[in-house]
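Here it is: the structure, laid out below.
The first chain written gets the first letter, and so on, giving A, B, C and D; residue counts start at 1 in each chain.
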Amino acid sequence: MSRDLNIKVHHLTRVEGHGNIVVNMKNGVLEKAHLSIVEPPRFFEAMLKGRSFHEAAIITSRICGICSLGHQMTSLVTTEDALGLEISEQTRLLRKLLVHGATFQSNVLHAYFLAAPDFLNVGSVFPLIATHKDVVLRALRMKRLANDIGDIVSGRAVHPITPVPGGFTSIPEKGELLEIKRRLLEEALPDGLETVETMKALAGAIPQFERETEYISLKHGDEYALYEGDIFSSDTGLVSVRNYLDVTNEFVVKHSTSKHTRYNRSSYFVGALARWNNNQAQLSEEAHAAAEAMGLKPDCHNPFMNTIAQVVEIVHCILDSVRIIDKLIANGLKNEKPNQTPTRYGRGVGSNEVPRGILFHDYTYDNKGNIVAANCIIPTGQNLANIDDDMMKLVPEIVDKSKAEITSNLEMLVRAYDPCISCSVHMLNVEFIE
Amino acid sequence: MKRIQDVSEEEIKDLYYPTMCKVTKARQITSMEKWYELEMPASQDLGHGPGQFVEVSAFGIGEAPISISSSPSQKGSFELCIRQVGTLTNVLKNYGEGDSIGIRGPFGTGYPMESLLGKDILIIAGGIGLVPLRSLIHYVLDKREEFGRLIILYGAKNPSELLFKEELSDWEARDDVELHLTVDQADDTWTGNTGVITTLIPELDLNLNMTIAAITGPPIMYKFVIMSLKSKQLQDDHIYVSLERRMKCGVGKCGHCQINGVYCCQDGPVFNYSDIKPLREAL
Amino acid sequence: MKPKVAFFDFTSCEGCQLNKLNLENDLLDILKHVDIVEFREAMDDRADLYDVAFIEGSISTPACVERIHDIRRRAKILVAIGSCAVNGGVNAMKNLHPIDEVRETVYGDDKYLFATLPAMAISSVVKVDYVVRGCPMTQQDFLRLLISLVLGKQPPKYRTPVCVECKLRESECLYNRGMVCLGPITRGGCDAICPSFGQFCTGCRGLMDNPNLEGMSEIMTNHGISLEEAQKRMLLYNSNEVKL
Amino acid sequence: MECYSLLRTDVPDLIDHLGAYGEIVAPHSKGDVSYSFEVVQDSNKVVLDYDRTLLPLKKMFLPPQEKLMDFSLKSLSYTPIKLHIKPRVFFAIHSYEMQSILRLDHSMLSGQAESNYLRRRKKSRFIGISFKPDEFHFSESVGIPIEEMEGFDLYLNEVDGDYQLYVLTKNGHSLIEGFEKIKTAEPEIAEDRKFNKKIRFHYNRLPQVFQYAYHSEIWAEVASRCVGCGSCTLTCPTCFCFDVKDEVTVTAESGMRQRSWDSCMLSTFAEIAGGENFREKTINRTRHRLYRKFKYITDEEGLPWCVGCGRCTAFCPAEISLPDILNDLINEDEKAQHHHQVMA
């Protein structure tokens, strides 16, 4: 069948940041299918220049309000690596709790507010308030609890306050943590399991589409890697975080203010589905049961299933947060001061799994503790090439459908990646021109 | 020093609860000012003296000090006139007949009416300053034979800003009131005096021993008016001014209205000029 | 009829918008007062006219300029939310460097592919009726503005410094802890949340009217940081306002 | 005057014993180096050796933020606030703090009596404690020695690490009735407590200095360093200015009227509608603050309205020192006097 198709989705909705979808097919030959990023560039690397290590995390957390905690964590890890700052076991645990809270929050937001309207064929979550009030209330309840973890441990969920290089400026009270634990077990867990049921019911609306690709995430010896680990490629295995540039290989494309990346193939996938494919063995029984209920199998190659993998992670985060709180309390909460005395200056690299995938920061400090060079590589930027490759495969498969349906399928595909476009435009590995 | 033992539990009265008063009449009298007639619950009397003010309250917005514009001799109701300049005053614009407005007060010192008996009263009002002085004017008119001359100087920016126009023409018509109006900027309809209020003073023929001047107007006005009165040889203690300051509580607690060592809300707003002349922040 | 409300984002992290979605406990109450007609981050719908348009983010490209004029034409009331929109916020830090250098830093040889302007406050391009400050804007502050608009009253302007709220909370002053803090010259309204969690105020709500910047620099240098460092601190959120 | 000895280690037991009268409020640690008056939950957490609390004891009678009423916008009516006032014992209070409460009493009783303050104030008992002056205390210079006992029911005087307990009132006597860990003793005075900070003139000469200080150059010098944060007045135990605001809930149907501490050092304090500001410049405000402490009320009551706690200096980020300003004004005054004499 030879068809002409011209799709332009201007300012894609229900994603963070600005992107347009462009598809161009002439006589059945697909010329173009890509996500073009039009978010105004913000030049964070330039802004970081000359800034003190006290400010680096404050600034980089403003790269993205949605992943502010993720940026902050990666920034802190990077600064600590560069300046040789050791952190305590308590700091590590509190950070892991924060990462869980943020992942939980973000995944709920995406699954319920951004993706669910697609499955139910409505334009936003607001109509659902009338038709599915209990579901909306449940989502709000879960989000509130996830944000409360952020508020209590880090001062506020968006642009956290207390995490600083070397530790925390203030430590939560034991009673506050116990209350969070109670709510996790009594409210969040039942809500999480309900979520699995809801998603199971909606899973029928997920398109059957498969494209095997390279999956990249962190990997850790003892746990489902979120806060720390080495880089792992499903194609070629482990790479040290220090050598992240060997993995990312950024290049500029004309249709995007954001650079693309590639490693062993023309593109790779980062995010919940990559984490699932690479690390699912380290998930709890409950999380596996959830995955099975929603039809998520080990080695899944359907990008639309990323949302389902996120829901599995919700269950994981709830249960693992309880475990972390227990450990913090068993160790006894200490009113520690952050360790902010540098033992060296120079370059540091840090990486975390943030909800949308693997994130890298890379700073070089002068011996006054001010930044001379910085580079940040954001998950959505890493997914862009993969999204384009998916579109190139998907469009011919659905070319018989109406233009409206194709468009909505493509929008749904992009949304499944939970792209965070606002932050995907600040990442280039360029040295400052002195 | 006052001591805590000097007050008993029973003597302590609540300070911050307003009395809800019904608006019985209301009219927008210029583009900026609205006039209200209010009634206390159970036909109580407000019990104020000319020159005193109340704290007017609208829930959700806040409170503002507003002068009582009617004479104490008016029984059963009292009047306010409010210029719409900000948050609260603009919300009050929407209040009309039948609505309830919270009132605390009356607060502050009024004019010492006892010592004004038999005197010639010279009223000097600029703009909204007529509102508190109107209480004094009505009081004098109600007890006309107990006072000497009543001279009213009243100035506004332009003719459309003159308040209480009907009353002005009533006063104009009376031969026991000497009314002199002026506007800063005349328009086509205006046939009267043009110029700032001080231009009216030199022509006045005053009996210096008998005359008491009462001045209210924008902060800038006082200095010049007092200067003109002084050049007519009027003595300091024959001059009263009513001052405006920021106020929150109205009862000498919140500190906002302090003028050097005195509280405008308690020691004023009506001051004898000789008392505040040494206060550097007063005028 | 309920007022039609819309949200738009320009150059920003979208944290302020996210903070709105984080109003879990109040979201349903808010929807009783207003109709949300456009909110790209959360919905597909579009509308032509708005009673209130909330704007997040700075103006930083020629395309932004065009779009904000268009929104202004269609909005009765326009509110800038978050420091990016109110005064340029962190985005404006790039204005401290020559623009070509900035572009080259990030895009190298491809620097001319993407147009950029200095990062500007919304109010330097179109008339702004009200502001909600902060980075991110606080939910409390946003709700206060919304309720004020519903009641037809002037929203609070916050003209006292962060120190006032810090003192009312009886937080330990960071200067007594040997840290430096921008609370004295920063507009309050945040309930001094950062100092109350032991972190210095970064100045995210913008400067006070007539701040004593010399006095502030002196305080900071007396507390052990260099003048250069002190000035950088002040510039963090206020590059468009602080003139040194 | 009865006098007993009390071991430092028995103080927690004394606190527990006092609990029979009511709630106990005492200094606790706050943050790294600060203190705050809090309701005692655990008598072992009470700090006996403290320099000064961040906020003064005033906060217990005139809270930093206080709801004055609830109102409904639907029915345009309000509900008064019920104050639940428990009898309270204020424990380990310094003499200047007690004096500040006595001055506040006067301010709150003058004119119309401040109802909420007085109701809270009525049922309280005060137990003083001696202290070691640090670099900021100067209360002796304003007439308040460390051992000033006016206002206290009981007083703890530290001697060699332990305490002497003085019983000063009938109420004080009944507070310790039945407490057995004290022994009768002879009063002693500790030697090693000296004030490091002093005002050069006796306080009753200060109004005289202020008489001529209005146009001093010193105000401008101070104003150039002041950042106008209000910390000095917000932590001052004899300041009491406040602001009143209405807050409405998200339902837009109800709300509350709330008062919160305000400060005459803030630029907005004396501003009225239309932008007129009666103390627009920092210099006007700094001057007003000191005149309030040493001239206006002092002229009438014969006492400085400053108790020498040192808070405004200790908590000023610009390290502007009130006694230093006073001494500068005094020097200037002396110079002027001298000049006069020479001219004459």
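Everything that follows uses one rule, which is that a contact is a pair of C-beta atoms (placed from the backbone, for glycine too) under 8 Å apart; a residue touches a chain by one contact, two chains touch by 3 or more.
Just so you know, these numbers come straight off a predicted model, no measurement behind them.
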{"item": "Contact-richer chain pair (by C-beta pairs counted) among C-D and A-C", "value": "A-C"}
{"item": "Chain occupying the middle, per Cα centroid", "value": "C"}
{"item": "For chain B paired with chain D, centre-to-centre distance based on mean C-alpha positions, whole Å", "value": "38"}
{"item": "Centre distance in Å when chain A and chain C are each reduced to the mean of their C-alpha atoms", "value": "25"}
{"item": "Length of the line joining the C-alpha centres of chain B and chain C, rounded to whole Å", "value": "43"}
{"item": "In chain C, residues with contacts to at least two other chains", "value": "151, 198"}
{"item": "In chain A, residues with contacts to at least two other chains", "value": "none"}
{"item": "Junction residues of chain B - those touching two or more other chains", "value": "60-61, 86"}
{"item": "Each pair of chains that touches, named by its two labels", "value": "A-C, B-C, B-D, C-D"}
{"item": "For the chain C and chain A complex, residues of the former touching the latter", "value": "9-19, 21-22, 24-25, 27-28, 31, 36, 39-45, 60-61, 63-64, 89-91, 93-94, 97, 101-108, 110, 113-114, 116, 119, 135-136, 193-194, 197-199, 202, 229, 232-233, 236"}
{"item": "Interfacial residue positions of chain C with respect to chain B in the complex", "value": "151-154"}
{"item": "Partner chain C, residues of chain D touching it in the complex", "value": "30-34, 36, 54-55, 59, 64-65, 73, 224-231, 234-235, 247-252, 260-261, 263, 266-268, 282, 314-315, 317-319"}
{"item": "Footprint of chain C on chain B - complex, ascending", "value": "60-61, 86-87, 90-91, 94"}
{"item": "Chain B-touching residues of chain D, taken from the complex the two chains share", "value": "68-69, 71-73, 76-78, 80, 102-103, 105-115, 118-119, 121-122, 214, 239-246, 248, 255, 257, 259, 262, 264, 269-274, 276, 278-279, 284, 288, 291-292, 295-297, 299-301, 303"}
